[in-house]
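In what comes next, chain A is part of two complexes: it sits with chain B in the first one and with chain C in the second one.
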Partner chain A sequence: MNPELEWLTFKGVTLRHLKEFVSYRASILATIIWPLPLLALNVYQYLGLASTSQVGQILYSKYGIASFSGMIIVGTIVYLLYNRMLWGTGAWLVEERFNGTIESLLLTPSSRLTMLLASGFSSLVEGAWWIVGVFLLSWAIFGVQPAIGDWVAVVIALVSTMIALVAVGVFFASFFVLTRIADQLATSLQAPVRYASGVAFPVAALPAIFQLFGYMLPVTYGIAALRTTVIQHGTLVGLATDLIPLFVLTAILLIVGDLVLKRLELKAKKDGSLYKI
Partner chain B sequence: MTNAIETVQLTKFFERKGEKHGRFSWLKRKARLKPISAVDNVNLSIPKNSLFGLLGPNGAGKTTTIKLLATLLLPDMGAAYVNGYNVVKEANEVRSSIGIVTGGERGLYWRLTGRENLLFFARLYGVRDDKAKPRITELLKLVELEDRADDNVEKYSRGMKQRLHLIRGLIHDPPILLLDEPTLGLDPNSAVVIREFIKDKLQREQGKTILLTTHYMEEADQLCDQIAVIDHGRVISSGTPSELKSGMQKFDVLRINATGVSEDLISNARRIEGVEEVKISVIDSVAGLTEILVHTWNAEETLPQLTETMVKSGARVRLIEQSKPSLEDVFINLTGRRLRD
Partner chain C sequence: MKERLDFDVFRSSFRYTLLQTFRQLNAGWFLGLQVIGPIFLLLTSWTVLQIVGSSGTSTFAALSGYADYIPFAILGFAFSGVIMNTVWAGANGIRSEQQGGTVEAIFVTPANKVAWMLGKIAGSITVALTSTVIVLIVGSVLLSFTLSATPDLLSAAVGVFLTLVGMTAFAFAIAGLTFLAKRVVDDINQILWTSLVFFTGLAFPIEALPPWAQTISWVFPITHGLTITRSAVLKGYSIFDQKLLFPVTSILILSAIYIPLGYFSFRAFLDKARKKGALEGY
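Let's turn to the complex of A and B:
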């Protein structure tokens, strides 16, 4: 492994993604508009049934969640970033194949994993405004006040969640490239994760079997870690139960994703299948 | 190893699957058919600083050979070495040693400018920005794209994209270039510019070793020091263009353009004494204009009989010319068909 080559690859892929992202105003506009109705949907599905204080009381007494809207805001942000990974990094290799540029990439001596990590990183940068934007919006509309006890814990929870999301993108990319329908696969993976990872309600509210599924998803632990630190005055000590499984799942996703990608490239080189599009 | 590229019995098969038939066909697996031999025991020795041509029709195995050398495909049998590196065991070293240029418009990022495309690929080859940027400017000048360097590639003409492709393959200054149909689909003027660039700048001035695939005879004839004629995955002949043509010198070649050419006329022409081969190809289907190519031992004796046969059959002759054998004639003689068939 050549560290300079990998760094240049990371830089090259990231800057290229960002340039392509800003080159069409419509894509920026879509990115700005998309979180607003999603946030409203998540909040008003509760407020259509009961008042803010009633919902807050139930969530606190049953699940120990201090802020109803804070819970939803954190869940919505992580879910938005997860979607960005599905469509950005997950579908990236398929898009390269469709555009006829995948051979050019595979002809370079750069690591494929580095390319995917850079693609994930740039997808996060593209979606980073959501973190700030959605919080500002929530403060302005719902009067949400963050309840932060330890800023270091917030940063660690945020960075760990982002790394886990990149790993999710790498994992999906290696599987999506097996098929020509990345967009349909990405769509089909949106709803189950939204349902089982506790985006808009606590995972504990789910039937046991779905809770089991939810606890297999890194998104679940990312949401839990951020909720603990951003709206519950959580500290580093209290984060361990969320961060340890998050790290384990991140490592598994990266290792499996990399292995699948390598095997897939080998298979494609044997039968020429990667280029048949 | 003194050769820049060497292949030893290089072979590549592609699996084929048949159609599913019958009731509940969706349940049945596709039948496996005999694999296609895309590259079959190919032996090539390409010396450093030479321009070597792989000449053959579409589907002959040229692109598969290039992909095997570029590490995009794995061989099923045999071995290949590029710049002394084994294409299977030392793939990364091979990739750093080669620049590859494919014909057509794909392989570039249309939403980036020409300059940004080059910088992107320079980084993926590990070229630092401080070295890459002046080199990019120099390369853009070389192919006369400096004025359009900061326009998005989507605004480029096909010829401009092809020139950009060419210098993209040079961005990391590789000693070996694999050019797969580099003038495919270009207008004649753009093709001439690219050919001159390949011969004069890349081979003569910069001393690159170039493996070029083409199905354009004139391109191979004009550019290549050595040629291997490939058909159905096998190298059927190789040598310098003059060596290949010298094998044909014993024949005279008559080219006839005519309308109203019938099957009977061709059969009768083949029976004329001294005629070795008669091939026809349609030049203008609307006007019914056909080119008849006749290889004969003695054009002076054949021509009167051929003319008489044509007149009797009702064909109207537009042009008759006697020419020296070209590489096209060599190919027809070797394979019994034209390159563009």
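Let's turn to the complex of A and C:
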């Protein structure tokens, strides 16, 4: 491994993705506007059934959550990041296939993992814009008051969640290479993941079967960690229950994703089906 | 003779859209976006009701006038496919031809372009109707409820029909924009789609919204179509009932506005794109 070459690969892929992102100014603005109605939908699903104060009381007494719109906003932001990773990093190879450039890409000696990590990193930079934009707009519209007890815990929760979501992207990249209908499968999984990870409510409110599914998803732990630190005065000590499974899942996804990708690429090269991946 | 040719164009475009959606390679998109998506949104509403508890039902009834929230939400999310298809149908029809490099070939033929576009939208509306039926059935089986009145199914069918007419006109009105906005139309539609899901009251009574937001919701034919359908199914109202006068009149007026608006804007945008030589670019 040549660090200088890896760095060049990383920089090249990152810059390319970022340039694509900023090419369409309308898209940059749209990325922070389109999630707002969906976020508002979740808020009004509650407000169609009870007043703001009633919902607040119920969520606090049952789940210890004081800010109900804050709960939804944090959940939505993490879910949006997951989506960005899924379609930014995960589906990146599909885009290369669609453009007819996958064969030349996979014949280069550059590290695949470096390329995927760079793609994930650029998605995170885009994601940072989403986080700040959606949070500020939601704060202005829904009046969320963050309840932060420990800024270090917030940063650690945020960085850990972002790293976990990059791992999700790397894992999905191998999944996308595995089957040509992966994009449809991923689309079909979006709504169940959104539901089971507890974007609009705590996972504890779900039926048992969905809780089980939810606890297998890194998104769930990312949402829980950020909710604890951003709206529930959570500290670093209280974060351990969310961060440990998050790190374990991150490691598993990265290792499995990298291994599967390597094996599939090797197989495709042997039988001459690289262009078909 | 001309009518026959126009009908052939319409039919081919309609069949192409249906085949594209339901063919084995693409069926996953339909399942994921138009069946699984709405069902999980419905489950979200159900879970929120479980969290809020019994007090939620009384607040909901006081706000909306309906006795039970679950059938209200099932009917609402059953229409989410209609929203998705009307927003994307026309634009996607043009965008996919632009990306495939075939749009110029289509638009320089002497075939009727309005018939071609209508065929695409009608195909998407048929797809939406399929998803509506599936979500209604799955939602009703998954989440049990009892109807408090005998449904007036004929009026409900009229409500669905009026919704489809109104939303087809709406789709036509926004389709032509694709010629000029090109890729940006994807962003416009993404915002439009999520806005419609929110403003039309799929998951909650629009009476819960602030007055300015309620005014926005009245601009969309589906808001009124949903009111008619829900009232017919959940309250047993006839389409001629005085209480449905406002939604029925509104949807008819909106359709009467959107149909000519759609027709003329589509023609105008197309002509402009042709004059600028911008048909092919995407």
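Methods note: the second predicted complex is superposed on the first by the 267 of 277 C-alpha atoms of A that agree within 3 Å, B and C clash if a C-alpha of one lies under 4 Å from a C-alpha of the other, contacts with A are read in each partner's own complex, and residues count from 1 in each chain.
In this section, contacts are C-beta pairs under 8 Å (C-beta built on N, C-alpha and C of every residue); 3 or more make two chains touch, one makes a residue touch a chain.
As the structure is a prediction and not an experimental result, all values here were calculated from the model.
*Asks:* In the superposed model on chain A, is it clash or fit for chain B and chain C?
*Replies:* Superposition check on chain A shows chain B and chain C fit without a clash.
*Asks:* Report for A:238: first if it touches chain B alone, second if chain C alone, otherwise both or neither.
*Replies:* A:238: touches no partner chain.
*Asks:* After the superposition, just quote the angle formed at chain A by chain B and chain C, using C-alpha centres and rounding to the nearest 10°.
*Replies:* Taking the centre of chain A as apex, the angle works out to 90 degrees.
*Asks:* Once the shared chain is lined up, is A:272 touching chain B (first), chain C (second), both, or neither of them?
*Replies:* The answer is first: A:272 touches chain B but not chain C.
*Asks:* According to the stated criteria, A:24 is in contact with first (chain B), second (chain C), both, or neither; which is it?
*Replies:* Once the two structures are laid over each other on A, A:24 reaches both partners.
*Asks:* Which holds for A:110: it touches chain B only (first), chain C only (second), both, or neither?
*Replies:* first
*Asks:* Can A:184 be said to touch chain B (first), chain C (second), both, or neither?
*Replies:* In the superposed model, A:184 contacts chain C only, not chain B.
*Asks:* Could you figure out whether chain B or chain C reaches more residues of chain A?
*Replies:* C
*Asks:* Who does A:146 touch here: chain B (first), chain C (second), both, or neither?
*Replies:* neither
*Asks:* Between chain B and chain C, what is the shortest CA distance in the superposition, whole Å?
*Replies:* Once the two complexes are overlaid, chain B and chain C approach no closer than 11 Å between C-alpha atoms.
*Asks:* For chain A, what residues appear in both contact lists, the one with chain B and the one with chain C?
*Replies:* 24
*Asks:* Note which residues of chain A are touching chain B in the complex, please.
*Replies:* Counting only chain A, the residues touching chain B are 2, 4-5, 8-9, 11-13, 15-16, 19-20, 23-24, 99-101, 103-110, 266, 269-272, 275.
*Asks:* For the complex, give me every residue of chain A touching chain C.
*Replies:* 24, 26-27, 29-30, 33-38, 40-42, 44-51, 54-55, 58-59, 62, 181, 184-185, 187-192, 194-195, 200-201, 205-206
*Asks:* So in the complex, the part of chain C that touches chain A is made up of which residues?
*Replies:* On the chain C side, the touching residues are 25-29, 31-33, 36-37, 39-41, 43-45, 47-53, 55-57, 59-60, 63-64, 69, 183-184, 186-188, 190-191, 193-195, 197-199, 202-205, 208-209.
*Asks:* Applying the document's contact rule, which stretches of chain B touch chain A when the two form their complex?
*Replies:* Touch list, chain B to chain A: 14-15, 67, 70-74, 92-93, 95-96, 98, 100, 102, 106-109, 111-112, 116, 119-128, 152, 168.
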